[in-house]
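Questions regarding the structure given below will be posed in turn.
Note that the chains are named A, B, C and D in the order they appear, and that numbering of residues resets to 1 at the start of each chain.
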Amino acid sequence: MNNKNLYDYILGIADNSLILGQRLGELCGHGPSLETDIAGTNISLDLFGQVRSYFQYAAQVSGDENATEDTIAFMRIERAYKNVLLVEQPNTDFGYTIVRQFLFDAYHLLFLKELEKSTDATLAAIAKKSIKEVSYHWRFSSDWIRRLGDGTPESHERVQEAVTDLWMYTDELFHQTDADKAMIAEGVGVDTSKLKDSYYKMISDVLTEATLAIPEGNYFHKGGKQGIHSEHMGYILADMQYMQRTYPNMEW
Amino acid sequence: MNNKNLYDYILGIADNSLILGQRLGELCGHGPSLETDIAGTNISLDLFGQVRSYFQYAAQVSGDENATEDTIAFMRIERAYKNVLLVEQPNTDFGYTIVRQFLFDAYHLLFLKELEKSTDATLAAIAKKSIKEVSYHWRFSSDWIRRLGDGTPESHERVQEAVTDLWMYTDELFHQTDADKAMIAEGVGVDTSKLKDSYYKMISDVLTEATLAIPEGNYFHKGGKQGIHSEHMGYILADMQYMQRTYPNMEW
Amino acid sequence: MSEKEVKNLEEIFEARIARDEKIEPKDWMPEKYRKTHIRQISQHAHSEIVGMLPEGNWISRAPSLRRKVALLAKVQDEAGHGLYLYSACETLGISRNELYEQLHSGKAKYSSIFNYPTITWADMGAIGWLVDGAAIINQVPLCSTSYGPYARAMIRVCKEESFHQRQGFEIMLKLANGTPAQKDMAQDALNRWWWPSLMMLGPTDAESVHTEQSMKWKLKRKTNDELRQQFIDQTVPQADLLGLTIPDPDLKWNEETGHYDFGEIDWDEFWQVVKGHGPCNKERMNARVGAWERGTWVRDAAMAYAEKKEKRKEVSKAS
Amino acid sequence: MSEKEVKNLEEIFEARIARDEKIEPKDWMPEKYRKTHIRQISQHAHSEIVGMLPEGNWISRAPSLRRKVALLAKVQDEAGHGLYLYSACETLGISRNELYEQLHSGKAKYSSIFNYPTITWADMGAIGWLVDGAAIINQVPLCSTSYGPYARAMIRVCKEESFHQRQGFEIMLKLANGTPAQKDMAQDALNRWWWPSLMMLGPTDAESVHTEQSMKWKLKRKTNDELRQQFIDQTVPQADLLGLTIPDPDLKWNEETGHYDFGEIDWDEFWQVVKGHGPCNKERMNARVGAWERGTWVRDAAMAYAEKKEKRKEVSKAS
């Protein structure tokens, strides 16, 4: 592959949307209200739409004429998925689901606003289109953080617990792989280290407004970007890949 | 295949143990006490041991030289699994797990005692060996029915709910497929219709002793023996087949 | 109001319906009209949201990204249909919470078809093709029903349902033209969904209790048996196109009637499922009630937050 | 007892240990001996039951029936070890419930190695080969420790652990001789488990707080660093046999010392995991506490039933 770094870089972006979209898809029909069900499904739809654009591009870049958006989505082994640990965390309850979304959306929005300036025209175009969608995701998740944080004592406690538990996955969002660094050097990739302050300010502002405490933990987990996932990931893939693995080389 | 009916008949027996063993395996390390964990794992072990004997025999009978116990266990599509619906029901809580076990063990024990008389020497031998194990399973599950039924008001209520819910899967145990009928006619298979009264007496006696009500529902579900499973089955198989599907044709 | 006045209002009301005028929420309406509409519209709304479950079951396992996106969009549409229909129902003076309460307690019904399990990917095709197909046949006439909010909701619903049906047929077509494994999967799904789809058009006219009144109020334009015949006549050529066999040995074209004759429907099964004894009645109710109960704290939080916000606004206005 | 009497008893006690006599539950023992043993035995017991989780994670996905059966049997053995060890610990006058309470509250520790995730099938091989390998090195000397019940439990544990280690090595061997995908999987597992396995032998001697006293009581026969060197010396040739590369560029045979030299261990990581910040500390505790809490009603029922049965027996005796 000529563009191994670019290929890896695209997957590094898209796998986050893929796995988060998958997690949201699991909830479809099981939400606390029809409205949240619709919104969650909508976010999942947006994310998978983005994934399709990224993987179609990755398939081109791969130089492998058998590669398609679907082979990339469904036919990799677990160690080859590059999503951050945050997005694979389980749908423990609506609090965890929303906090996971919130912590990702803030990053995602900041990231896309920079990716829009990429020297890679395709990535810039995907970013431009996605920003509108992700702005809505961010509005939805941060509104719910406010509602749950400043709602009832129970909701406050539950969402605080989710914030505290998921906080340790935020730092990985800014971790740079070798492919990331190479792409930053080429002007294609986003230098996420420059987004970190804005990110923590952005989420801290909402948490404060929601009367929630900002966790003080200073230890963080990483590994997802190197393909070292949590034990949840295997089960996500077992379902997600089930059809492609069981009925290989077919069209659907 | 010369022995299609015999092959199907073996699978019809073994798939029950396979899927129930799989369900119990999911619980390993998550039981209410170390002692129940050990017992549950032990039952799972026994069941998988039986499965290996049955499938090794089925592989021979199949006439397919590529068939092995593992291709039979892991490489079929969902519609080709012949287990009853009872054994695929989820591990909702310890009450459901025990009731599922209890309702199956009683049948399993009666069935094996007849299978021991089969004109098929291999099946008779597997049955003979398994009876000892399954007698222990039955003792374990029926003891727990007594404890839970005649324990606390909460345990009584919970186990009663499980009995009521799972009752509708009992009749399928006695449903005879075409392969079953053909094998009964040949003296190989067990005429399960003759076991039905003993079965309901056996479980009703324990339920009564456990101060539990015998459900009055007279509608029953079936379909598993024809490969029409519940929606749970796909997820069981996604996990169970994961490795074989993802890494086909390898030795482990 | 005197009995006479009521009688007078009823006459005016029936005359309006006969002239194809729409009845709107603020208009006077007979109590029976209101009750019948609440029953039918809520049953329809419940069917949409329970109907999300069997299809939702395959979102995590859809075999391609394109299909996953389409399936998500479809299930989302169903949630949307639920939303319009609950809203239409609320115009009749009942709250959404009361309607949920009726669903969760088993007092309200939903379409029995959703009590069958979705066990292969082909079921996503069969549901779109057959179940949505039958639904459209039931629903198209409702686009011109007498109650305005229901008629308007149905126009939107029907448009989307047609799209879903085409999407389902397209899934079947791809399978039917695919590998032997895929073709088997398609045939198997047709085998399992055919008869329940026929039952979706309701009991035979002889057994149907609401037909006459419903006809008058334009809640029904044709009898169940007529609708069923229409569905069969429309679907058989589609099955031929797919190269699939409808699992009914008695099915054959009748030159004389210009319709297909078909075999006996197993009405025992139908009534068993209606009574709650279908393969998934319990799972479906557990899923709905479970989601509702697990969501209580979330809905409470949203309400508490809205109240706080309102109060703060008042305080800031006052100061 | 006077101070002098206690002193006298202590002298007799230490002399017995020096003579390699076993201390039994009913024997007098210094309070510190009792406390140290409760801490170590329970930590060991907790490690067995928490250790069921990372391996239990692969039971449902084992790639063959033979491997599934072996894995089930292994995890069952670990539960069994937990059982003997809790029993041994109970002889020191503490109940199993108190021990669980200490685990669940985070007061008692368990082996940090179990806070790493098992993410591929090869991890089942690596755990058996490396983790059980390191455990045996830790544990074999305990078969002749001074406290009788602990020593006897360890004899049984060690026998089974050796079997587990061979089983793990056999999994690795099969992978290492398998397809490229399998070999990659094996190498990847070695890469991830190597350093945590070295850490299992405990902090460097300089940092180790319990060594001296433990040596005297035969809870320890060698220092952590000696044990670690033994583990490395034993494991390197096994890795060579597998054709796998140990992920340590500084690893090389030292002719002079007759041992392998090895690279710097990341002790920061070790202490982070000990402090509760490993990749799975939270998951492991949630799993244990969750199982315990979900099981309360079951344990209560068993107790209530046993009491009823007892009472009935008394009544029938009395009558």
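Just so it is clear, a contact is a pair of C-beta atoms (placed from the backbone, for glycine too) under 8 Å apart; a residue touches a chain by one contact, two chains touch by 3 or more.
Just so it is clear, the model here is predicted, and its values are computed rather than measured.
**Q** Imagine the assembly minus chain B, everything else where it sits, and name the touching groups.
**A** Connectivity check, chain B excluded: one piece.
**Q** Please identify which chain has its centre, taken as the mean of its CA atoms, farthest from the centre of chain C.
**A** D
**Q** Once you count every C-beta pair in contact for both, which comes out on top, B-D or A-D?
**A** B-D
**Q** Quick check: how many Å separate the C-alpha centres of chain A and chain D?
**A** Roughly 37 Å separates the two chain centres.
**Q** Between chain C and chain D, what distance separates the C-alpha centroids? Give it in angstrom.
**A** For chain C versus chain D, the centre distance works out to 58 Å.
**Q** Would you mind pulling out the distance in Å between where the CA atoms of chain A average out and where those of chain B do?
**A** That gives a centre separation of 41 Å.
**Q** Chain C: which residues touch two or more other chains?
**A** Answer for chain C, listing residues that touch two or more other chains: 61, 181.
**Q** Two or more other chains touching the same residue: where does that happen in chain B?
**A** If we look for residues of chain B contacting two or more partner chains, we find 77, 234, 238-239, 242.
**Q** What graph shape do the protein chains here make by touch: line, ring, star, complete or other?
**A** other
**Q** Run through the chains and report each pair that touches.
**A** Every pair of chains in contact is listed here: A-B, A-C, A-D, B-C, B-D.
**Q** What residues on chain A touch chain C, complex-wise?
**A** 22, 25-26, 28-38, 41-42, 44-45, 48-49, 51-52, 55, 69-70, 73-74, 93-95, 146-148, 150-152, 154-155, 158, 239-240, 242-244, 247, 250-252
**Q** Within their complex, state which residues of chain D touch chain B.
**A** 49, 52-53, 56, 59-69, 72-73, 75-76, 79-80, 82-83, 86, 121, 171, 174-175, 178-179, 181-182, 287, 290-292, 294-305, 308
**Q** For the complex, which residues does chain A have touching chain B?
**A** Its residues touching chain B are 77, 234-235, 237-239, 241-242, 245-246.
**Q** Which residues, counting only chain A, touch chain D once they are in their complex?
**A** Per the stated touch rule, the residues are 77-79, 165, 168, 219, 221, 223, 228-231, 233-234, 238.
**Q** Chain A touches which residues of chain D in the complex?
**A** 54, 57, 61, 117-120, 181, 188, 192, 272, 277, 279-280, 282-283
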